[in-house]
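Given below, in the form of structure tokens, are the structures.
Both complexes shown next keep chain A, but they swap its partner, so chain B is in the first and chain C is in the second.
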Partner chain A sequence: MTANTGRWIGRTYLGLVLVFLYLPIAIMILMAFNRSALYELPFTFDTVWFEALAKNDRLLTASFNSVVIAAVNAVIATTIGTLAALGLARYSFRGKRLLQILLFPPITIPWLIIGTSMLVFFFWTGIGRGLHAILLGHVALSLPYVIVVVGARLASFGPQLEEAAATLGATPWQTLWRVTVPILAPGIMAAALFAFAVSFDQFVISYFLASPGTSTLPVEIYTSIRKGFTPEINAISSIIILVSMGLMMLVVRHFRFGGER
Partner chain B sequence: MSSVEIAHLCKRYDSVTALDDVSIAFEDGEFFGLLGPSGSGKTTLLRALAGFVIPDSGTISFDGQRVENVPVHRREIGMVFQNYALFPHLTVNENIAFGLSVRGRPREETAKRVDAMLGLVRLEGLGERKPRQLSGGQQQRVALARALVIDPKILLLDEPLGALDRRLRQEMQVELREIQRSTGITAVFVTHDQEEALTLSDRIAIIDRGRLIQVGPPRDVYERPETVFAAQFLGDANLFQGIAEGDRLKLSGGQILHTNGPNTGSVVVRPEKIGVYPAGTAPATDNRLDGDILQAIFSGASVTYRVRVPALGETPLLAFLQNQAGDVLAPATRVSLAWSAAHTIPVAS
Partner chain C sequence: MDATGRRRWAIAGLTGPAYLWLALTVFLPLSAMFYFSFLTAAPIGGRESAFTLEHYIDFFTKSVYWFNARRSLELGVHVTLICILIGYPAALVLAKQISGRWREALFLLIILPFWSNALVRTFSWTMVLRGDGLIGRMINPLLPAGWEFDLLFTYPAIVIGLVHAYLPYAILTIYISLQAIDDSFIEAARSLGASRLKAFRRITLPLSIPGVLAGIFLIFVPVIGSFMEPRILGGKNAIMLGPIIENQFVTAFNWPLGSALSFIMLGIVLLVLAIASPVLRRHLSVG
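For the complex of A and B:
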């Protein structure tokens, strides 16, 4: 096999992967602008589904709930997670190893099981269901991701920079704000984005913890599909895809993942 | 009177003794080198001075004030780290200004001091760069300026030139020395490079397994090592052991070495103090031994001979010669080795 055929196979493979990933999404965006509700061709451009969406209060309220929960979740989980990562990376204490190991299983436990256990636990403790319960569940779910992402960034520079700050007269508090946090910033941003995405995408746990009448977007989409599919779903999905892809590209452009050379 | 003093410092980590009753009074304005193999405790000593290591016992005092329990950020020390530890998110100016800025000094004064420091370390015009845009030598100078700008009571340097290549290292040695002299600051540095220690220091301390082996000016420690370890760690040394007879040492083969003062059975001779002559042509000196050349290593300006001498058994004798005559004695040549009693230094074993 020559180098050329090797390259050709590589490119074809990459092309197929991209098609596989993006074609369904592209078709969905296209159908959001198709007049027919039944995916009929020929394609006739129309914004009728976006207009319908603007009047669909249930979907709009659910979207609003989702964005607010994801944003609040990102702030809370990133703050707690960053502090936890700092503690784990820079201090030694009893049971640290165990704590670090215990961080990972929640990532692998099926959401269905976490959702069920949270539902039972929240019911039993009187926390109940509703947006507050969803937020609580999302924070718990996002924390391991934040700790891992921020921890990876922390591991990329040793305690030496913080020690240098101390020798120059910086109090631990000044060191945190002037040295550690600015250097961690790309990691913290990435972690916040992760936390936002984990919450925004979350269906199973939200479904379990939603109270009647309040729901998040994924739950609302699921409910709508069960009742009968309308292309308004395509419309809202298209908006979400464009916004989240734009956000992601912004982050990739402005914060080098993995940080400084 | 010395402003920085440590006395009876001890530190243990589990089963390892990092510092074992170490006492040093640093003289004001001196450049003090801590030399020792890795794990000898030299870095622990430096970090104890900085405040990163709290000693188990003993005292550290700055200007007569005990500081063992003063946290690092209130100790008023300057430290240059092995890999400089420059803040990557700050410019050169901001790095140097850091110590003044956390002390809340006025902006104008800070800018003036930073400029003066940039001049001192010859980095004018580079203030707006980020550390990653600088060469290793330049980064080293920023680290030095950053540490000096706060007028520390003592400057601590952890393997300050370890990350530089050989050429740059020699340049920076001279520069470091000049900057230290011009500021008149007391500086303590850690190194495992004996040449660096000899070149830079006003005094050096050899440390092994947490204990001070010998302290003194580089020439004294080199020419008058007190122990076998000091002799062999700082430079090369030929060790002769035998039966002490006052100012003489009787080797196993019966030969007598005249020693510099009374010995206790062990003496060392530096390789460059030994003359190597074709058998029978050695001039009359205090000490003479015969041997056979095992190996001649030619390195341009000098030649190193490894000579088999019965009195040393399997260990070859080392001799360094200036390449003055322009020829090298071949292996297996029978030679006479000659050196003076003044260079036959009694040591404790």
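For the complex of A and C:
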């Protein structure tokens, strides 16, 4: 086998993997523009499902809820997550290792377990279900990501700059705002977008914490799928997938995942 | 205030809010659920409840739960295995054959679906797998009598959906470890007369094991805990631990039983982690 054939086989294989990854998404978007609700062929272009979507109040309200929760979640999670990252990166203290380990359970324990335990606890303590409960849950899921992303940025420059500012007479508050935060800005920005995406795409936790009547978009979609099919779901799903992929493109522009630099 | 006092306040002030939040929304709820799993009824709305081991005993004595747990484990093994088998060559091509801007673009294309909405991606498979979907309508007329393409609501449909969901994870973790391998090792082996295959088997493969293990762990755990994918793609075939737990909380309202099953699932996850951790530690410290 020559190097060329090998390369050709490799590229074809990668191409097939990409087809597998994008095929269902492409078909879904295509079907969102098909006039028939029952996937009938031939394909006839029509925006009828998008028009139906524009009149579907349940889905529109749920979309609004999703966007608001994702935005508020991004603000809260980024703020308190950045503070925690600063505390973990710039101080060494007893129990720090434990605090770092405690970031793993929220991301590694299956969401099903986290979600149901929140349901049990919130119901029991009177916090209840609803949008506020969903927000509480989303921030918890976003925090570990924010702390890791901002922490990685913090680790890329030492405390020397901050020490220099302090030596030159800056108060801790001035040092934070004039030195640390500007350098951290790209990391904070990426973390905020990431937190937005985590919340916007979150289904499992929201599903258990939604109260009847108020829910987020993924919960509403799941209910519609289980109850029986409505083709507007195709339209809104196509919009969601494009929004969430677009968001991740933004994140990647700000912060490289995958370790290549 | 002296320096140590100020330092202590700074640490508490910086880390406090985040960890209080996590305590309220993750650690206290998990403890509450553990407590619930030993009760006869959920102590909500003034209901009487007493301590019991019944739910845990049920799991170990009633075959229906064993059966479901076994199905969950099988699903976890199947999905993880397929992800690694498909993902490894893809990561290899990406890391060793493609370079520069192309590599960056392809890498992004592969991980992008992973960060998009999981529910919507699962839903999109229903359109591909159903008999009257786009592919079914094209293929079915061509198939010989007695054959029909209609995979929706079958076990393979669940596997396909989950492989689609977690394949990018496998490629990502394996790619990262492959990328870290210094090409000069492989060149040295080749110039010393090792065949391409031998160089791969003796150098590339062992050095990439940490990535494979990370992938296995990152895929196996969420697959064991999945319930939405089996429900949407498996229909009546969603006979697994995840959907049963969902049932206890959403339709059956048997919270103590659901809590016990959740902790058994958590136990299975921790057990897998415990078994894997010596291997993981050995490989991750080398890599």
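Assume the second predicted complex is superposed on the first by the 245 of 261 C-alpha atoms of A that agree within 3 Å, B and C clash if a C-alpha of one lies under 4 Å from a C-alpha of the other, contacts with A are read in each partner's own complex, and residues count from 1 in each chain.
Note that in this section a residue touches a chain if its C-beta (ideal position, glycine included) is under 8 Å from a C-beta of that chain, and two chains touch if they have at least 3 such contacts.
Not measured: the values here are computed from a predicted model.
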{"item": "Overlay on chain A: chain C relative to chain B, clash or fit", "value": "fit"}
{"item": "Partner chain(s) touched by A:27 [first = chain B, second = chain C, both, neither]", "value": "second"}
{"item": "Chain B versus chain C as contact partner of A:189, first or second or both or neither", "value": "neither"}
{"item": "Partner chain(s) touched by A:48 [first = chain B, second = chain C, both, neither]", "value": "neither"}
{"item": "Per-residue contact with chain A, leading partner among chain C and chain B", "value": "C"}
{"item": "Partner chain in contact with A:176 - chain B first, chain C second, else both or neither", "value": "neither"}
{"item": "Which superposed partner A:17 touches (first chain B, second chain C, both, neither)", "value": "second"}
{"item": "Minimum Cα separation, chain C to chain B, after superposition on A (Å)", "value": "10"}
{"item": "Common ground on chain A, meaning residues reached by chain C in one complex and by chain B in the other", "value": "172, 260"}
{"item": "Footprint of chain A on chain C - complex, ascending", "value": "7, 10-11, 13-15, 17-19, 21-22, 24-30, 32-33, 36, 42-44, 86, 89-90, 92-94, 97-98, 104, 106-113, 115-121, 123-128, 130, 132-135, 137-138, 164, 167-168, 171-172, 175-176, 179-180, 221-222, 224-228, 231-232, 242, 245-246, 249-250, 255, 258-259, 262, 265-266, 269"}
{"item": "Contacting residues of chain A [partner chain C, same complex]", "value": "6-7, 10-11, 13-14, 17-18, 20-25, 27-28, 30-31, 38-41, 80-81, 83-84, 86-88, 91, 93, 99, 102, 105-106, 108-114, 116-124, 136-137, 139-140, 143, 147, 172, 197, 200-201, 203-204, 207-208, 218, 221-222, 225-226, 233-234, 237, 240-241, 244-245, 248-249, 251-252, 257-260"}
{"item": "Complex contacts: residues of chain A adjacent to chain B", "value": "157, 160-161, 163-172, 174-175, 178-179, 182-183, 260-261"}
{"item": "Residues on chain B engaged by chain A in the complex (per definition of touch)", "value": "50-52, 71-79, 81, 83, 85-89, 98-99, 102-103, 132, 146-147, 150, 156"}
